[in-house]
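My questions all concern the structure below.
So that you can tell them apart, the chains are marked A, B and C in the order they are listed, and the count of residues begins at 1 in each.
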Amino acid sequence: MSNKMMKIAVVIQLVIALAGGMLLLGQKMLQVKGSDTMVNLVQILAEKYMEKNPKQPIAVLGGGSGTGVTGMLNGTCEIANTSRDWKQKELDQAWEKGIKPRFFAVAIDGLSVIVNEKNPLTKLTMDQVGAIYRGEVKNWKAVGGPDMKVSLYGRQSNSGTYVFLMEHVLKNKPYSTDMKEMNGNAQIIEGVLADVGAIGYVGVGYIVDKETGKPMKGLKVLNINKDEKAEAFSPLDKAAVDSGAYPVSRPLWMATNGTPKGTAAGFLAWIVGPEGQKVVEAEGFYPVGGKLMEQNLKNLK
Amino acid sequence: MKRQRLRQLKERAIKAFFLANGLLSIFVLLGIFALLLYTAVPAFRDIKIGEFLTTKLWDPTSPLKPVYGILSQIMSTFLVTVGALVIAIPVGIGVAAYLSDVAHWRVREIVKPVVEILAGIPSVVVGFLGIVLVGPFLAKISGQSHGLNALNGSILLAIMSLPTIISISEDSLSAVPQAYSEASLALAGSRWQTLIRVKIPAALSGIIAAVMLGMGRAIGETMTVLMATGNARSFPTGFFQSVRTMTSNIAIELGEVPYYTTHYYALFAIGLVLFIMTFIVNLIADVVLRKYQEREL
Amino acid sequence: MKTKKLVQFAGFLLLRVCLYLVLAVLLILLYDIGSKGGGSISWEFLSKPPRRGMTEGGIFPAIFGTFLVTIVTAVLAIPLGMFTAIYLNEYARQGRLTRLIRLSIRNLSGVPSIVYGLFGVILFVNIFKFGTSILSAGLTLGLMTLPWTITASEEALKTIPNSYREGSLALGATKWQSIRTNVLPYAMPGMLTGTVLGLARAAGETAPIMFTGAAFFLPMLPKSLSDQFMALPYHLYIMATQHHDIAKVRPLAYGTALVLIALVLGLNMTAVVLRFRLRRKRRM
């Protein structure tokens, strides 16, 4: 047998061996997919949980709320993170596939509207934000700002934040096609930091500098009011977010198929418990209380 | 005699084995086309092909009615590609001409591998540099508020197409028969005139093929434009606008689309359009190259 | 007369400027990555996994993942590439079929990487049900690399003079015997170095693996072909765009870019040096 034949034979054998490895149980990790708003938070939650439970590996992937929902529908993840409610169409598709999603509110987010610090504006009404993102307002002076073109930064259609904003602030009308659709919260922040005419929307956990507890340098967080007459609140104001006075707040959800089992059960129970909620606060989001927490505890069973 | 026949059978079997491998490429190409087609066709149950290709708006998740128009993406692809070629063609041919006609052979030996290094830079790294280096620089010198636009994309794509254009053009120029240049020089033409009026026209088919291949590369590039052009869905009206090419659009939405929905099929339809475009470009390059080779015989 | 010389001077100067432009661009790119990424490179960076939500620690899992998926790519692309090249150079006759094969190869090398990704999702992830895994991603990359390995192998075969083959045939060997003993051993080194270049390119690709197996944050190294994996190019992409604290991880992103470039260029240079050495050997 010539050298070459030997080499080919070895290669084929390697392939078979590696393929055989496929059948061996690769230790199955808990797959968590979805919201980019939540990915950092859930990654840190997973890291901390795994420190205490090293035999329960958890893989946290982002991709946007839409990806999480798709993952659950396609059977490629056990927990789906979404920063918005599931759409009726998605729930229908789940039921068709025999999937019964159960929802856990793991944190509260005050969705924040940010502009570059050089922009003198300090507040906007919900309607104004909607008009800007629908493309109806193209220059800052129309809303009381400087004479400067509005440079829109937003997310892509797989983002729960994108959908949430569209439903609640854009009144279910489409976004302006001039909006630069960034890959994640952090890219929006990067854009706003560098662009004086920029406006962006991000989860509140992203704008706080973890070390100082204050908003990141270079960014300005706008206060939002429900309408012209109401008082404008900041998303950093915990009381305002809790009471609903800050009009753009939302729960962040983790969904499982039916009752959570195994690692998923342990992980979720820990997240909604005191330790997990402390981590949520440390990451800049708000802990869950009241009725939502009651429902969480019920859903664990 | 039996041994002989056995041997012949073995030889024929081996030849068949290699033939099968040879045919593999055809099958893969056809396979890609067929699977794309198969997965894209269901999209057209709900979307009219004409509207697909001529509508500017792409909004599959619209709160009103989902719209699947890829005209803006086609235009975006076209814009960044043309921009890239405007930069890469003169520079590329210039470098090729320099290497083939002016440079000392030692310079050639050094520059050729250097150009290959440029070719080896992964597209994600070029895109990364578009975000951190080229984009902000562009913003500064153009007075725009940010650098995530078509111009950024064009510059980056030019960088990526240059090695292809340079190396194939240089090969073509070097392959021009000495007799041509000697004749020109004998008639008192300068080296420059020889280059411009004799060599480049003689190598033109090879150069065109090089440009076509570079263009194919620019059309099909994904990561670079995904990271550096801003991904706005609007119809591009200028180089300082944020654009979304066909390749970016697929990469952005494929990860989140539920399988087997119209949106899913529509993304494959975009892939099909891309495949057809690059196929045509490569076909043209092929035909041009073949004509060129035949002429040389 | 003087104008002619002046024009030539100006013309050649213009050409020289083009060259300097290209060289300058390359230098600037490499310098930017080298200077800003160099600071992140340390033994820890290269050998440890990421920590604290990827803001600290290293990128070892990404290096490991890239390594694994490149092996699968090689297993698919190298043998098939060689066999196809053997057919084209040793057996094929000049005819329509051969032209069609060559046309297909050229076209395959021009297909956009994201289209390969789409193909991989349909065929490997869904139809063959390999799911998102090293296997799916490696096979997708393998198909993408195939045109390169075919071309590189063919070039190596072409350099073997026909006299080698004819000599063997004249002594009564069959065609395959001649190829096996008189052509392949001499062409093999060249074939392998050529394919290394193709693998270098595969290692740097992102689009084909994005939807067929690459993931951003996995707490463990992949243990089998059916696991997802982290990969250098995908890691860089996420660090640069989707990570939750882009500013903080920017230096790490630069570091990742530097490692990726070093890997790709390292492989390229190895192949070039090997090719050079082989050419010299052959001349003797």
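What we mean here is this: contacts are C-beta pairs under 8 Å (C-beta built on N, C-alpha and C of every residue); 3 or more make two chains touch, one makes a residue touch a chain.
What you are looking at is a predicted structure, and each value in this text was computed from that prediction instead of being measured.
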| item | value |
| --- | --- |
| Chain at maximum distance from chain C, centres defined as averaged CA atoms | A |
| Leader among chain pairs (count of C-beta contacts) | B-C |
| Chain A-chain C separation of Cα centroids, rounded to whole Å | 35 |
| Distance between chain centroids, defined by C-alpha means - chain B, chain C (Å) | 17 |
| Where chain C touches two or more other chains at once, by residue number | 241 |
| Touching two or more other chains - residues of chain A | 182-183 |
| Junction residues of chain B - those touching two or more other chains | 255, 259 |
| Contacting residues of chain A [partner chain C, same complex] | 2-5, 8, 11, 14-15, 18-19, 21-22, 24, 26-27, 29, 36, 39-40, 43-44, 46-47, 50, 57-62, 76, 182-187, 189-190, 193, 206 |
| Residue numbers on chain B that touch chain A, as the complex places them | 57, 59-64, 72, 136, 139, 145-146, 148, 230-235, 242, 244, 252-253, 255-259 |
| Partner chain C, residues of chain B touching it in the complex | 7, 10-11, 14-15, 17-19, 21-26, 28-29, 31-32, 35-36, 39, 90-91, 94-95, 97-99, 102-103, 111, 113-118, 120-129, 131-133, 159, 162, 166, 190-193, 195-196, 213, 216-217, 219-223, 227, 247, 250-251, 254-255, 259, 267-268, 271, 274-275, 278-279, 281-283, 285-286 |
| Interface residues, chain A side, partner chain B - complex | 63-64, 66-67, 69-70, 73-74, 90, 93, 149, 151, 156-158, 163, 166-167, 172-174, 176-183, 191, 194-198 |
| Chain B-touching residues of chain C, taken from the complex the two chains share | 4-5, 7-8, 11-12, 14-19, 21-23, 25-26, 28-29, 32-33, 80, 83-84, 86-88, 90-92, 100-101, 103-108, 110-119, 121-123, 126, 143, 146-147, 150, 174-176, 200-201, 203-207, 210-211, 233-234, 236-237, 240-241, 250, 253-254, 257, 260-261, 264-265, 268, 272 |
